[in-house]
Structures are given as C-alpha cells and as structure tokens.
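Here it is: the structure, laid out below.
Chains here go by letter, A, B, C and D, matching the order in which they are written, and residues are numbered from 1 within each.
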Amino acid sequence: MGMWVGRGRKARRCYGFDEIALVPGAVTINPNEVDIRWKLGPYSFDIPILAAAMDGVVDTKFAGAMGKLGGIAVLNLEGVYTRYDEPYKVVEKIVAASPEEATRILQTVYTEPIKEELVATRIKEIKQAGVPAVVSTIPQRACQLGKIAEEAGADILVVQSTVTTVRHISSEYETVDFARLKSMLSLPIIVGNCVTYNTTLELMQTGIDGLLIGVGPGAACTTRGVLGIGVPQVTATADAAAARDFYFKQSKRYVPIITDGGMSTGGDICKAFASGADAVMVGSAFAKAQEAPGKGHHWGMATPHANLPRGTTIEVGTTGSLKQILFGPAELDDGSQNLVGALRTSMGNCGAESIKEMQLTEIIIAPAIKTEGKIFQQQQHVGMGK
Amino acid sequence: MGMWVGRGRKARRCYGFDEIALVPGAVTINPNEVDIRWKLGPYSFDIPILAAAMDGVVDTKFAGAMGKLGGIAVLNLEGVYTRYDEPYKVVEKIVAASPEEATRILQTVYTEPIKEELVATRIKEIKQAGVPAVVSTIPQRACQLGKIAEEAGADILVVQSTVTTVRHISSEYETVDFARLKSMLSLPIIVGNCVTYNTTLELMQTGIDGLLIGVGPGAACTTRGVLGIGVPQVTATADAAAARDFYFKQSKRYVPIITDGGMSTGGDICKAFASGADAVMVGSAFAKAQEAPGKGHHWGMATPHANLPRGTTIEVGTTGSLKQILFGPAELDDGSQNLVGALRTSMGNCGAESIKEMQLTEIIIAPAIKTEGKIFQQQQHVGMGK
Amino acid sequence: MGMWVGRGRKARRCYGFDEIALVPGAVTINPNEVDIRWKLGPYSFDIPILAAAMDGVVDTKFAGAMGKLGGIAVLNLEGVYTRYDEPYKVVEKIVAASPEEATRILQTVYTEPIKEELVATRIKEIKQAGVPAVVSTIPQRACQLGKIAEEAGADILVVQSTVTTVRHISSEYETVDFARLKSMLSLPIIVGNCVTYNTTLELMQTGIDGLLIGVGPGAACTTRGVLGIGVPQVTATADAAAARDFYFKQSKRYVPIITDGGMSTGGDICKAFASGADAVMVGSAFAKAQEAPGKGHHWGMATPHANLPRGTTIEVGTTGSLKQILFGPAELDDGSQNLVGALRTSMGNCGAESIKEMQLTEIIIAPAIKTEGKIFQQQQHVGMGK
Amino acid sequence: MGMWVGRGRKARRCYGFDEIALVPGAVTINPNEVDIRWKLGPYSFDIPILAAAMDGVVDTKFAGAMGKLGGIAVLNLEGVYTRYDEPYKVVEKIVAASPEEATRILQTVYTEPIKEELVATRIKEIKQAGVPAVVSTIPQRACQLGKIAEEAGADILVVQSTVTTVRHISSEYETVDFARLKSMLSLPIIVGNCVTYNTTLELMQTGIDGLLIGVGPGAACTTRGVLGIGVPQVTATADAAAARDFYFKQSKRYVPIITDGGMSTGGDICKAFASGADAVMVGSAFAKAQEAPGKGHHWGMATPHANLPRGTTIEVGTTGSLKQILFGPAELDDGSQNLVGALRTSMGNCGAESIKEMQLTEIIIAPAIKTEGKIFQQQQHVGMGK
C-alpha cells in the first residue's frame, strides 16, 4: 500500500472521481423504488445532498426552498448576511465586479464585523419557512456564534475550516475543544473539513454528529496549488468511511460522513456514495439555480482571505430552478440537472436499494484519458424509458 | 487483481481501447486471405460489423443496403419509423434543429406512440431487399413487439437497454423474463447491454443467442458523466469473452458477443476483436454514409429521455457511400473508411487467419499519451503495396 | 511482466519515449571526446543517424550530402525518382496540392510504373558524390530491384514494409525468402520493420545485416489509429537489443538495430540509444533541411496506398541547412537542430564514451504529464560553456 | 523498485511535483508559530528561498533587497553585470528583442569577455546593502573567479552547471577538483546541479557546503527535450535527502540541499520541502518582482549557448514588489504571491513545526489529471481567518 517515490520515501496512491467508475450490478432495480434518505442526529432527510455555505449560493430564502425539497442548505454565519443589514446590495456589488477587481472587493467586504443580532434574525428567517435551520461558523468563533445560533433556534451547527483536527496548536488564540463545544450546546454539530482515517476517528470520538470530508480534492483546487495539500476524494471518502464503520463498531454511534468538494458532475456524486459517503455537499451546482442569490456567480470563503486569497468569483450562469436541478426534468444533457434522478438511476443500475448498499457497489479504476484524433464518437444508443 | 483505493476498499484496474495496442505476429498473412465471417444462431454473416439501432443511421433502406454488403443494420422499433407514417419529415426537423432546441424537440418527437401496424410495414420493407430483418426493442416491450415482429417476418430480435440483467426488481411494471421470451419466440434474440462476467454468464444461461457488450465505455460517454457508471471496453469484452468460453465448455452452445460502443477508429474495432469480440456494433461511423437518413447527423435513444436526457444531436457530416466506408477505397486517411480493409490488414499483420485467432492476438498496454512540444513528427515510411 | 486487462487476459506494459528520461552519470565526459561511430557490415559511419526513404526528404543529391557528412540517406527505389524521368515536376505538384487534394494526387502519382533504367541512373548519381549508395525496396520486389541495384553499384539494400517477418503467408503472390535473397546478393541488407524479440531473432538468423525497429510507435501514428497495431519504441528497441545481444552470443555476428520512427525531438534520439539502438532513422527532422527536395514537406509511403491510405502530406517548413541540423550551430532552441551535438552532450552527461556504453545508461520512468494552471515556469539557469 | 521497460531492461518510476500532494496532519499549528529558518555553513537565513542566478532576475540591487528580507539572491558572475560596465543597456536590448531575435542577440551579448574588476565591483555593491554576497560561476572558472570573489568580500560561492559530478573526464581542458577548491577558498561553497544518491554523496564528501538538486526536472524543460536527460524533482530531492542524511550520520556534518527548478506554484515549493529539501531556488517567481532588472522578462544561462541554445526569453510580467511576492498580501489567487505565507500555512496544516519536520510530512501520489467536460467546479468554501 505504498510506492517508492525516492530513497527511503514511500507514498500511497490515492484516487479521485475522474479515475474511477462504477460497475452495473448483477441485479438492477427500478430507480423509483430505491431509498435515498439519510439521518443526521435526530433528523432524517429525504435527499442526501447539502448546499455549501457560500454567499453566492445560500441565503435564508434558498435555505427555506432547499429544506422544503428535502435537503439542507447551510447558511454561513461568517458571510455577508450576518455582516450587513442589506446584504443584497453587497452581493450585487460583488457580482458586478470585473475579475480583476473581485478579489480586492471581496477582501474589503468581508472586513465588516459580524453583527450578533443579524445572526438571530437570519436564523429566524429560515425557521419561518418551516424547515431546519443549518448554519456554519469557523472553529475560532464556534462557541460564541454557536451559543447565539442555538438560542435563536438553529437546528444544526456546522463548524468548518480548510483543515480541521482535534488538536490545533497556537499560543496566539484559543483553540476549539469539540468535546467542550458539544457539552455546551445541545444541537447536532457537523465538523470539517478533514481527510484521514485517524483524524476522522479522533473527531468522531469528541462526540460530534457529522463530518465533512475533503481537503483540496480537485486537481484544479486552489488549496492544492497554493499549499500543495490535498487528498483525492475517493480515497478520502473511503478512509473516512472506514473510520466511521470502526467507530460505529466501537461506540454503537453512527456518525455520517458528508463528502464535500471535487464533484463536478452528477456522476461524481454517485461515485462519492459508492466511495462510502452518507451525503454530499456541493456548491456550484446550486449556484446555477434561479433561487441562488449570486445570480449565477459563486465564490468560496477562502477567496476574501486578507493575506492569502484562494479562488475568485466564478460565473456559472443560471440554468433552471432549484427543483429542476434536484429533480428535473433536465433540459441539459450534461448531468447538471436532475441530480436526484441521476442518483436514483445510478443506484438502480448498480442494484443498490439504499445509500448503505450503494456504499458497497463495485468500483473500478478506469482513468478518463483524453485522446486526440478521435474520428467517430459512438453515442450510447439504448432503449428509451429506462 | 485489485488496488487499494482507500482503507478496506479495493478496485480493479480496467482498460479501454486508448490504453492498449496490438503486437504484430511472428507470422503475417496476406490480408485478402484472412477469414472474417461470423455466425449468429442459424445465420452466417460475411462481415462482423453491425450498424447500431439509431434513427439517424438506420432506416429500412439502410438496413437493406447493409444486409446486401454482408453485414447487419438494426432497425429500432422504438424509433421514428414506427411512430410516424412519414418519418423523414420528423428526421428533417431534428436535423434542422439548433443544438439548443435539439434535446427539447427530441423529447417531444418521441412521445408519439408506436404504431403496431408500422412495425410490420417496416419489417416487410427490409425483407423486400432480400436480407435478414434485424429489429430492436426495449425489455419492457420485448414480448409485445417481439411477437408482432416475428409475425411480420423479422429474422433476429435485439432487446436492448442501458444496463440489462437477468434480474430486474420493480413493483411498478412487469420485468422481462428472457427464458420465457425465448420460449415464446422462435427467432434468435440478441440481448444487451451488459459488462460483467457474471451477468454475461447468467444472460447466456437464459438461452438467448447473442449479447451486446458495453455500458458507458467511453471517457466522454454521457452514462459515465451522468451516472458514474461505465466499464472500459477492453476489460468488458475480455470478461464477457471469458464467460462465453466458459458457457461454451459447459453447454456446448456458442453465444457470440458483440462489442458495442467506445470504438472511435478502425483501430479500435481491431482491438475489440483482439479483446475477444465475435462482432462489433458501431453507430457514428455509419452516420457518415450517404445512405444514412440523418444526413450526417446522429443521436442516441437516451437523448430524448423525458427526465434525464443523455447526449444530443451530433453532426459528423457525410463522407462517402456505405460501401466505401466498409470496403474502401478510402479517400480519408483517418481510419473512418475501409473498415473491413483495416480489419483484414490488421489481422494479416497479427497473423490471425480468422476472428477466433484474432481473439488470441497479443495485447500490450501502451497508453496514448498526448504530449506538447513535439518538434518533428516522424511519419511511417513503409513500402507500398503491403 | 504482465497485468490483467480482463479475465484470463494479461498484457505487458510497454513504454514510449515520452514516458522515460535519462539519468546523468556519476562520471561525466567532455562531449567532444565521446565516440558516436557505428558499423554496418563492412562499412563504418561517423554518425549514427539515417534519413528515411521518403520522397520529400531524400533524392540523390540529398543522399550525397548526407553521405559526405558521415551519415546515410536512403533513396526509395519505389518512389518518384525511379518512376519519373523528371521527378521534380511531380514533387512540385505534390507540394503545391491542398490537404484535400493531396491523398488523391499521391494515389495517382504512384501508379506510374517503376522504370528499371532509372534505378541504375539514380544509384549512379549517388555514387558520383563519392559516398555509399543506400537504396530501399519492398519485400515483394526485393529480388528484382535488389539485383538491378547491386549491378548499378548500390552499397547497401534496405527491404522495408510496415510489418516484416520471416514467415509471410500468401497464395496470391510469392513471398520473400531473406536467406535466399542474401545468397543471391553480395551487398549488405537491412530489413524492417519489426518489433518483437522473436521476430528480430528470426530475421537475424536469416543472415541479414541490419534491422529497422518500429511498428506504429507514436501515439498519433496512423498505423496504430487505422490498424490498432503498434509497440512503443523504448520497449520495441530494448526487446530487439536483447535479441541482438543473444544472437551475437550465439553466432558471434553483431547485427545492428536501427530504431525507426517515433522520435520527435533530439532528446528522443538520445533515448533511443539508451534503449539499445545502434543507430536511428528519422524523417521529418531532415524534411526541414534546405537540401530536402520536398521544400519543407514530407509524406510517407503508406500515404499513396490505393485502398487504405495512411497519413498525408505534412508541411514542416525549411529551417536550415542539413549541416546545421546535424552539427549546429542551432538557431532554434527546440532540439531540431544540432542533433549530433545533442547526442554528444547527452552522452557526455550520462558518462557514456561510446554508443555501446550509451546503451547501458540508466533509464527512469518519468511521464511527461501536461498540467494546466502552471504559474511560474522555472527555466534552467546553468553555467554557460558546458 | 523497478519496472520492466523491455527484455532485460528495468527502470525505476520517478515522480514530479504534479504527481504528488501533501496530507494534512493529525495535529495542526498556527502558521505564525512555525519555524522556517535554515542554515548554510556559518550563516543562518530567515527564509529558505533563493533567487536563481539569472540576469533578468538578480542584479546587485535585487541581491540587496532579497538579503534584507531574509533570503538569498545569487548574482551570476558569468552574466552581463560582470561583462559590461553599463549592463542595463544590454538588459534593455534583450528585453526589447522579438522572440525571433532573442536567441541570436543573447548569443552575441554573452561573447563579451568577463571583466575581473567588475566582479569585485559588483560584490562590493551587494555588500553595501549590508547583506551576504552570494555569487555564482561555472566549474571551469571556479578557481579563477572564486579567488577574486573571495578577495572582494563574497560570502558564499555557487559553482553551477547543468550536470555536475565529482569526476568529469576531459583532455581538452582542466576539470575542477572540489576538494582542492575548498582548500583554496575559505568561504562556503554551494555546488550543483546534481540528482542521484551517489553523486550527491560523492559531492558532499569533497567537503562542499551545500548542493543544488535538479537536472531537467520539468516536463517542458529544454534539457529533457534536447538531451533526453531529466529526473523529476520529488524523486531527485528525496534521493539527495537520503544521501544527505547518510552523510550526516557518517560525518556529523549536515550539508543542506537546495531543490532547484521545476517548481511552478507555491504548492510546488511546499512539496519540495516535504520531499526533503532544506531550501529551494526559484527563478521566474522573482522575475515578476518590481525589483527584477528584466522588467518581467527572464532567460536562463543555457539560452545563449553558442552551439546548442536551450530556452528563450520569457515574459512573465511584473505583478508586485519582492516583499509582496515573499510575504503578501497577495492580490492574486494563483499562488505566485506570499510564498512565505503559503509555506507557513502549508506547514501549519501539515503539523510541521520546522523545515526538518516538514521533510517528514506524508506524501501521497495523486496525479493532476486534466479532464474535459467538467460541469460544475466546486470551489473550496471554508471558514475565513484560517
């Protein structure tokens, strides 16, 4: 389980979504009859897809719409919605910026302090839609904002940074203690992001309720380019799944893992489940929804970093309603619409009756090699209606 | 026979056409003296190449022309020719559509119901050319349309969907039982598509007469992008060939396998046989024929899917007659013409006297890596006449 | 020495030039003091590079110029120079053709019969330059044209086709018997092309004097695209070298191998020697010479094939004199000029005093992966004068 | 530790930066609290990054600025600054040249002889900034220029050529003896470039004080294209690190290794340390500094080679001050600014408190495969402030 990269130095080969494919099952199932529900703490959700806490994707209205459709959209408590009374003016300004100005404008916009009263206001706005309010913060502010959020009625708290571990060393600031945070708050806590077996296990052992898996997953990912750090998602998810299953055996507590990042097609989402995920978190797929506040633009929270900005504002365009993106009918043939339909069909073809069974489906290594000089591209010519 | 992709998770490395090449034999044979015939049930065919059941490629005239040249063109009983009295108007409309409109127009066109009387009419049109009529349907309608087709004089029935298995679970609709279908009909039945050793073996054990091999084979294949599912064709074909050979040993019945999809050059067709195929099915190669009704356009049957369309209308242009595409003389140097000549020459150079021998030719792994900065590209400078 | 590509099917991983690199030696040598000479039969040559028998590259004047510089340029006895009294008019016509017309024009031009008296004339033209005359033919005409060539004073005969073996089966035409050809003619004979250990050994055992190694070597090679056949050159050369060394041990006769094709930079030439070559044959590198009759255009002899043309006319432009291409000074930094200087410098850095030592230099596997998103490209900043 | 590339021929798989990634640690550290200092001989430096001895990057003013910021910029004693009294006119001419003229102009410019008095002048100019003067020469002139440099007050001497070994064979010129050079001079000597375990060890045993690691590292590197020679930097660095650690055990003397070349992002720099480097040398990253004399252009010292020029003048543009490139704040998100911040953040995320610990961080093999057809690119959406 390692190859020599130099004298005395071994490295493990890790795999990303582009390098694998799923194998059809010996039994197949009518896609309408597979079960895709998942659970987090006391909650059960109809669809195992979360919208990422990005300001261009999730505002309180989007969170409401997503909740009604059976999913989760995470509102970022560190974003514009808790910094500004009138956040849409700010979003508009970001969206209108040229690529050259964007990084600088973002850096400025996010220096505005977070207003605690707005945290409560936004959570209440989500609750008015009659859906669970799921909000996120960084580890450093988890105690402070977590308390406020819980009081305001938040249902789930997400504590997220690029790399999260149980042990963070700093003499400059106080580091978060997840066990203490759990004892302080009574709502379920999702923590991320992490990637290795050991870190996953250690985080689960603190008592937290869910984990986000993924650090620098994509080949094009800025974290990998800027910091050299990154683990491809198939391996990261499979490792975390192994830790989850070990922890379940040890503690009888099942802590779901949510694969976050690196999925660029509906097929990648299917592969994440086959790699072991209980749910997935995606961002730009939802940036294309009519309901997304960014009007087809999105940006990550590493983008406005004051000293080491990573990423920029990306325009993906608006292609349809959130409902269409989740359930179709797809008007595009590229896998960006009807994500739930794609998952159901994939599970049906793999013979998986539930997410738990999909986690066991056969994976093969089959790199997506691009070749020139292709002359006649054979299209799939299959019977309709299936 | 597996590599670790994550803790406790192994995956098998599978191979596609781009990753392999064939090795010349120690003996070579005059291409004119190799035997490329193959058999399906009671029929023998001069060339082991089938045209896929795509509406832009195969109408009844095309099927007649192909049959006369020694091959098979499959007419889709679920396509426009059995839905419309005047199908060419519909084809014209599809061909004239812009890429943006195409998916929607296709979705509309294929909602028109299939007319049973047209099924009979089309089969008779093919029979008038004095060639075997080979027609296709999806599993759900196999009993109904198969009966009508047989009565109308069809010679071979193809039952095809994206992923076909012996066991399909559904409470919403009745699933096909291939053993029962075989007992109901007396004509040979080809079933597809499938990819694994076990599924191939199970399908052969139902008594069917031929199998289509290939699910999401190409890197660019929509099935792989949308569903994450796909097995590269070299591995899929070799696995199916192993099942065929085992089944033959067990039952003394030889069920040919037809590699379907993923072949984009004449060289890929040669590699399919070297991987174990008895015949190959190609689509867009034939879409380029003057005889193809799509006038240089083709589209798959997954394209008009109401909820999850995959693929779109592709324009490949018209490059020559069907005869030229099969037998040359080639006017293009790209392997898209004289497919039969390419197969014969390849077999001659590999020292294979028959398709059975070609199935044993040496394969090597030799990825088609694309490199930049190439300065002088050496062209093959070989003696003429060979 | 094999990987599973499917059930019961193993394949060997083969390597091309793009996938390897050479390792500097523990000792280095002044490039001016390495020995690059090689021998073929009774002849010794100063530089181990041959110009391929392509009509756009080698006419009798080019052969004379190349010979004077210490190398070999092979004149094709099947090309325009032996078909036409005034071949330059024909070359001009080919060069002036548009890419669309080129294949058809070539197909026409090469139907003109070979004139035996021109064979003698051309050989004499080369001999007038005071250099060995090296001419090529296809196996089918080797006896007939070989006899004429020898009588006209040719010094070395090349017998070349895409794939050459000792055993070719045909009932339509007589096949060449190399042992008989050797007994018929007294001049040294080079035979090609071949790729495997066994075929190399069998061909050497017929008594021939040199071998051309390479079948469909490049990823972009038409033979691989059209026929699926090809072996990457590092493996092909190393296998042939092993056969050469075994045959030498067995017979005390050293039969040099000439790697032919797949080299696209000066670095690739260096790698061919490190893989085991005694000499290399290149085409388009020389098509760029002012002396080349094609005025910066070249085409292979498979291009005018009547039924299955492979390749087309390629324009590479004229970049300098033949002397400059071989010995510099290079005005281009892309490795297309000063090929001999590059070989000497590479040998010096690898610590190889002779071609024989260069055949033992350490090879590593180091794929030339192309990556996007490169930000600052570090240039080599080394001391001058070395 | 080797794969068969042909009969009797094994090759080792080597790895470059694009093929690996780093794994986050189980413990993470506040980036401000990691230690990135390194030592060379009696000197200690705050940042482990050297600017390469390229005329478009380093003049005496740049060397002063770099030294004040805690790093090293090497002035080339073979460049324009020691050949011309007024070097900026020459630099201007090179910068203004079209790509076509550039190689020829460079070839001319560097024929001007080196003036010994200018060597002293330039060194004194650097010393006036109050920083160590680090200057470079080629092996052939190391004794002569080293003596002059030492007398003029130089603090460190770099002796650099494409491939440097302890044993160089030549009857035409005298070869350098590093042990003798060390005894002649009292200042620390850095030697390079080299790549293998044995050569690294042998060079360390001569008594030299530091080593530059890297020969033809990049896929696009001219040395690899022209000469076929090159070892990817992860393997080269890990091998050299193993030799360094062995030599330290043997001699109790720690000779730092400086990875030179092949780094094209800040992430690559982080990976170099994880591969075993004590420091890194980069060129074009600094060519983008306002302080660089090339005004956004750079060229290597192999470029003006009279017979075998490699590389050309490259325009990278000016993007910010040297301070910004080293310490940020980054205005670009591509990893080309705040290199020190990136290194600190990467070390923090990997849980490495020092360069020595970073050398032990876990490496994985995770190729940066480029895939087409990506539909929604997920951006990293992490908490701010970390």
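Convention: a residue touches a chain if its C-beta (ideal position, glycine included) is under 8 Å from a C-beta of that chain, and two chains touch if they have at least 3 such contacts.
This one's a predicted model, so the numbers in the text were calculated from it and none came from an experiment.
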item: Cα superposition angle of subunit B on its copy subunit C, in degrees to the nearest 5; value: 90
item: Same vs different contact residues, subunit C with subunit D, by half of numbers used; value: different
item: Averaged-CA centre spacing for the pair subunit D and subunit A, given as whole angstrom; value: 39
item: Whole-Å gap separating subunit B and subunit D, where each centre is the average of the chain's CA atoms; value: 55
item: Subunit C residues counted as touching two or more neighbouring chains; value: 12-14, 220, 225, 235, 265, 334-335, 367-368, 370, 372-373, 375
item: Of all residues in subunit C, those that touch subunit D in their complex; value: 1, 12-15, 17, 20-30, 32-33, 197, 234-239, 241-243, 265-271, 274-276, 328-335, 338, 341-342, 345-346, 349-351, 362-386
item: Residues of subunit B touching subunit A in the complex; value: 3-9, 11-14, 16, 18-19, 52-54, 76, 78, 103-104, 110, 136-140, 159-173, 193-196, 198-199, 202, 215-232, 235, 261-265, 282-285, 287-288, 298-312, 314, 316, 334-336, 367-368, 370
